[in-house]
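Presented below is the structure to which this report refers.
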Amino acid sequence: MSSIFGELFRISTFGESHGGGVGVVIDGCPPRIEISAEEIQEDLNRRKPGQSKITTPRKESDLCEIISGVFEGKTLGTPIAILVRNKDARSQDYDEMAVKYRPSHADATYDAKYGIRNWQGGGRSSARETIGRVAAGAIAKKILKQVAGVEIIAYVKSIKDIEATNINQDTVTLEQVESNIVRCPDSAIAEKMIDLIDQIRKEKDSLGGTLECVVRNVPRGLGEPVFDKLEADLAKAIMSLPATKGFEIGSGFAGTTLTGSQHNDEFYLDDNGIPRTVTNRSGGIQGGISNGENIVLRAAFKPTATIGKEQKTVSKEGEETTLAAKGRHDPCVLPRAVPMVEAMVALVLCDHLLRHHAQCNLIEN
Amino acid sequence: MSSIFGELFRISTFGESHGGGVGVVIDGCPPRIEISAEEIQEDLNRRKPGQSKITTPRKESDLCEIISGVFEGKTLGTPIAILVRNKDARSQDYDEMAVKYRPSHADATYDAKYGIRNWQGGGRSSARETIGRVAAGAIAKKILKQVAGVEIIAYVKSIKDIEATNINQDTVTLEQVESNIVRCPDSAIAEKMIDLIDQIRKEKDSLGGTLECVVRNVPRGLGEPVFDKLEADLAKAIMSLPATKGFEIGSGFAGTTLTGSQHNDEFYLDDNGIPRTVTNRSGGIQGGISNGENIVLRAAFKPTATIGKEQKTVSKEGEETTLAAKGRHDPCVLPRAVPMVEAMVALVLCDHLLRHHAQCNLIEN
Amino acid sequence: MSSIFGELFRISTFGESHGGGVGVVIDGCPPRIEISAEEIQEDLNRRKPGQSKITTPRKESDLCEIISGVFEGKTLGTPIAILVRNKDARSQDYDEMAVKYRPSHADATYDAKYGIRNWQGGGRSSARETIGRVAAGAIAKKILKQVAGVEIIAYVKSIKDIEATNINQDTVTLEQVESNIVRCPDSAIAEKMIDLIDQIRKEKDSLGGTLECVVRNVPRGLGEPVFDKLEADLAKAIMSLPATKGFEIGSGFAGTTLTGSQHNDEFYLDDNGIPRTVTNRSGGIQGGISNGENIVLRAAFKPTATIGKEQKTVSKEGEETTLAAKGRHDPCVLPRAVPMVEAMVALVLCDHLLRHHAQCNLIEN
Amino acid sequence: MSSIFGELFRISTFGESHGGGVGVVIDGCPPRIEISAEEIQEDLNRRKPGQSKITTPRKESDLCEIISGVFEGKTLGTPIAILVRNKDARSQDYDEMAVKYRPSHADATYDAKYGIRNWQGGGRSSARETIGRVAAGAIAKKILKQVAGVEIIAYVKSIKDIEATNINQDTVTLEQVESNIVRCPDSAIAEKMIDLIDQIRKEKDSLGGTLECVVRNVPRGLGEPVFDKLEADLAKAIMSLPATKGFEIGSGFAGTTLTGSQHNDEFYLDDNGIPRTVTNRSGGIQGGISNGENIVLRAAFKPTATIGKEQKTVSKEGEETTLAAKGRHDPCVLPRAVPMVEAMVALVLCDHLLRHHAQCNLIEN
């Protein structure tokens, strides 16, 4: 089920970077949700190429068309198909890559697996595939907001060894994230990140970094005890994005150096008598199930694999050679990955919202 | 689906820590695989409690019975049901925990989700649930070994801030891992780890750490391009284990501080003309698909939540109180988590082996 | 997935007719449902062998044990595992059938598919597999009754060419069905059916017939528009029972001889202003979705394949031969199929109840 | 999963009868299959409206566009998205039906389920939804033909009480089926059927009937023992088509009037020593698994619900009224249902071909 994600709020993406287009079919969306192409476009615009000097210059308007499932501005409960046409495809840039495998890219493994590959622009491994995710995520966000006031905010936490430390997870806003082109709400650090990316771009090299995502107002009870723990589904969602190499929830790897008495989140009762935790090393999830605190997760993105610098590689025909990649590529994927991460988190939470409602709200407690 | 995992090699676990027992049903296993309860028992014995001074003293023989799906020593292709009875359950230890929520445990979230909870010993959130996974994993390992010679070796990489550095991923053996009770193949470091765990046990506190798993002889082509990338399914598998807080593949979080030209794995041709990579920062997976190099992953396990030290908490009835947990608990879960990680990795790889065979080997290339 | 059924209320059955036992794991059951082994046993007793002179004389008490998922008499929301041990297995009866394929049975196709087969008593193709379905169905029935007052009544409609015609679908009761051993609520016809079955049993031959099932008080809105139409999922559920050859909903095959103006169910408003239909040729489902009228379906069961009469067949070793089957077999499966049909219908409806609740009741209309 | 079908060869359809268009995404298709839009169009043309005097006069060219998943004429192994735009939509015909429920149609149940409905032309319940199925079925047919020489031939067996009896299942061809507009290969009977449909069309009424489908050269071993029996999945596939009321495999309902000794298919060995059956009352499937004989199934289609004759109904606003439907509708759906049935059968068989290959061909016997 390579291209299908979710159990109840289920999406099916399609499309290659060069060809007729890319898109998504959303199955299982609740009916009577108000939604417009314009709302979806807002998130697509945050993802699209060519939006700033530190992203790929490929020009795609990425305008989406809702083919089905919405009638008079509301969801019908039937599949919502959304299509984005490919426009500015320069497949001639890829002639060399048709035969030479890009190091650390998907070229060689696709050939090994399928015995065939659309070598134009990365084909299915292109980040254009995430257009469908972001479009579906926009609808998931809307449902989460409407049902429970859920807020999902992702932002760049570090680029290479430049790390933002001055971010308040309880108050950080979308506006702060969008206030600069690297999407880091710590504006002083953001400037340094932008400069570093711009410099590496000129060197025909690339950079990686980490994203952090905080989710506020999560209802208690989402997630399931065993395989579909909320953090497990979030991990899969994030690790399914291109270029990810790591995932953390709450205290993450750093938490392994604490003792239990240091790490545990002690309980107290808030003014409404609801159990809350003093600290949040759990990252909003305990035993696989949300506890009502902020969900906090981080993702590691490696430096972009496709670079203009010459590297050793082999050809499809079995010869050792070198490659200095042509084409237009992001020197650093993180700024554009922000809406992708938000979308994946939204898809997981919306799916679990429906699942929890089905099993646990059928009969009143 | 909370307790079902896999698409083709699909397992369904059941059972609480106290009650009739725990187990698993495996659906979709290939027929004619030789398997015995004894072979499965070997891995269960590595997971069972009471095996050393640094694990919980709860005494469970964890003897497994194969109820169905095996006939005259071979798999039938029909569901394999495996049952392990619970024996040494001391539910009286849990009287206090029936009303007081353990900090950072699943008690409170289970109540919030289901409005009911088996408070005896953790119920479904107990690590006894992983018995079914380990049993199924033993069969998955056997298939992977038989079909492709795949070897899966997990081991303790760090406990708190003590980290093993002297491990050769190409040569480390099961025997080396099993040579000490902490399951760290770096024997000098292992001694220090054991001492630290033994000390923290006496302090009624607990420790966390990291596991590393290396998989050798992985066929090229396993994994799928988009949501079911091999690293995404591995991340979900690992993050579905109790107490995990983080996941890394290949270079992981450390890889984010390199540039693309530093991080990329350059290609060369081996003596058989097969494309190989000089380095392995990809961790054996590129574009979601295995490339034939070692798969290398790491998991972060937090310190055990249930500790004997007194902590602030709240009761089910809505009162602030304190709890010093009774019961028998692991001061550090990592030694017993080693076979769990191996099992989850085996389940993911075996599932993808079948999936790849279905789609890509149906018609000869 | 061969042995997994349902999307949200999902069951996984296991077991062969000879071996450790048979059973089921139910995943996704709502929490806090009162359930006891005794309640489940009631339906198992209606299914078990040896209950009358017209069923197989094999003696199995079929006592069920709830292994997990129920605590202090209520469901936990975690997997419910139910186990029934095999007792009166006489595998020596099957020595001949180990090598000779029974005509119209699963022996030859299992060998062709798997290259291995548990030849003792039918193995996985035995009707004992349905024990797990009936046990799970008992819980599904309880949920449907509790949530919406749903009543599911199946009964024998015809045996060979003897057909009951005097049954009122609005009023027929479980007591009427259980008032005779053939489970036909038309008592005059039932006598004739019993006599015919008893006679064919003595002739070492077998009979088939049809079952009808009526479901009352079905909530409107269950079922989905396209592939998971309610009648489609019911058809699959029924046709997955051993020995079924046909399925009808509402007017069925007879409806094909009417014109549209004759066949359509005209609408009227009942006293509460709810749209109802004057007739019910739709069988309670329109466009794949329940309309609140009685769901009415019928299933065709072929005569039992295993018979004592000598028949031409071939052996596993590739020789033409003859076989007069030993062993204890039902001369007619229909009386024991009644609780199986009820169970499958309950499983489908309970699953769709949860699915509908998830998608359409999340947000108030 | 209303709009997703299949486990490995998995399709996801989308679209309403009026709106942007309809289509399908196919996930899991084997790579390197030669396929063109022209080949798919052939089956779409057999399904499209306006093809003869006995179908609806709505004019739709139903031209398909392959958006993704095919490169240089071959499948990539990635999702294949196919889109057909809606053209000749006359939504003004549906103004009255926006408020009045058509008897025996999906109007009322959609409103009951979703609280919203695209009332233009049936929306999602329109037979236009089957375009995606037929397009995907064309690819499934090609794979089945290429891998095993499988031939799938469906045809009209009866219209009202006119039944074709002179059809040889071993030799009937697509050309014979396509030789007349009602798609009945018994040409004498076909004439009578056409006349009857033409007459009922003038009376503003409609007709039903039965389709038969024969599948030749089916590999032995397809299908699974329990819930996913081949006949169960075929039943679901067929009963998910609009207007179906019944399904039979092999002897069907008529088989219930035979005794076991009459009904059983005795075995013999063919010239290659392969077990074959003298008769085929099993319809090519035993124990849920194909036995290599012809698969033979039948489906009952009710008369078209939408008719021009005046009928009693109720309005959305809760008033009793009458309706004489405008719009352009098929007086009998069966001629156009022929490619739909073939497509659904192909989808089931292709899915099971992959599933069987995954589980049973991984390791050599």
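Should a chain be cited, it is by its letter among A, B, C and D, assigned in written order, with residues numbered from 1 in that chain.
In this section, a residue touches a chain if its C-beta (ideal position, glycine included) is under 8 Å from a C-beta of that chain, and two chains touch if they have at least 3 such contacts.
Not measured: the values here are computed from a predicted model.
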Key: Remotest chain, subunit A as reference, centres from CA atoms   = C
Task = Same or different, please, for the subunit A to subunit D contact, judged on whether over half of the interface numbers appear on both copies.
result = same
Message = Distance between subunit A and subunit D based on Cα centroids, please, to the nearest Å.
response = 39
Task = Let me have the rounded angstrom distance from the C-alpha centre of subunit A over to the C-alpha centre of subunit B, please.
result = 26
Query = At which residue positions does subunit C touch at least two other chains?
reply = 1-4, 7, 13, 28, 31-32, 77-78, 113-115, 124, 225, 360, 365
Inquiry  = Quick check on the complex: what are the subunit B residues that touch subunit C?
reply    = 1-4, 10, 12-16, 19-23, 25, 27-28, 31-32, 65-69, 71, 74-81, 83, 113-118, 123-124
Partner subunit C, residues of subunit D touching it in the complex = 1-5, 7, 13, 101, 103-110, 112-115, 124-125, 129, 158, 160-161, 200, 205-210, 220-221, 223-229, 231-240, 242, 244-253, 255-269, 273, 275, 277-278, 281-283, 285-292, 300-307, 309, 311-314, 318-320, 356, 360, 365
Request  = Write out the stretch or stretches of subunit D touching subunit B in their complex.
outcome  = 7-8, 28-33, 77-78, 143, 146-147, 225, 353-355, 357-363, 365
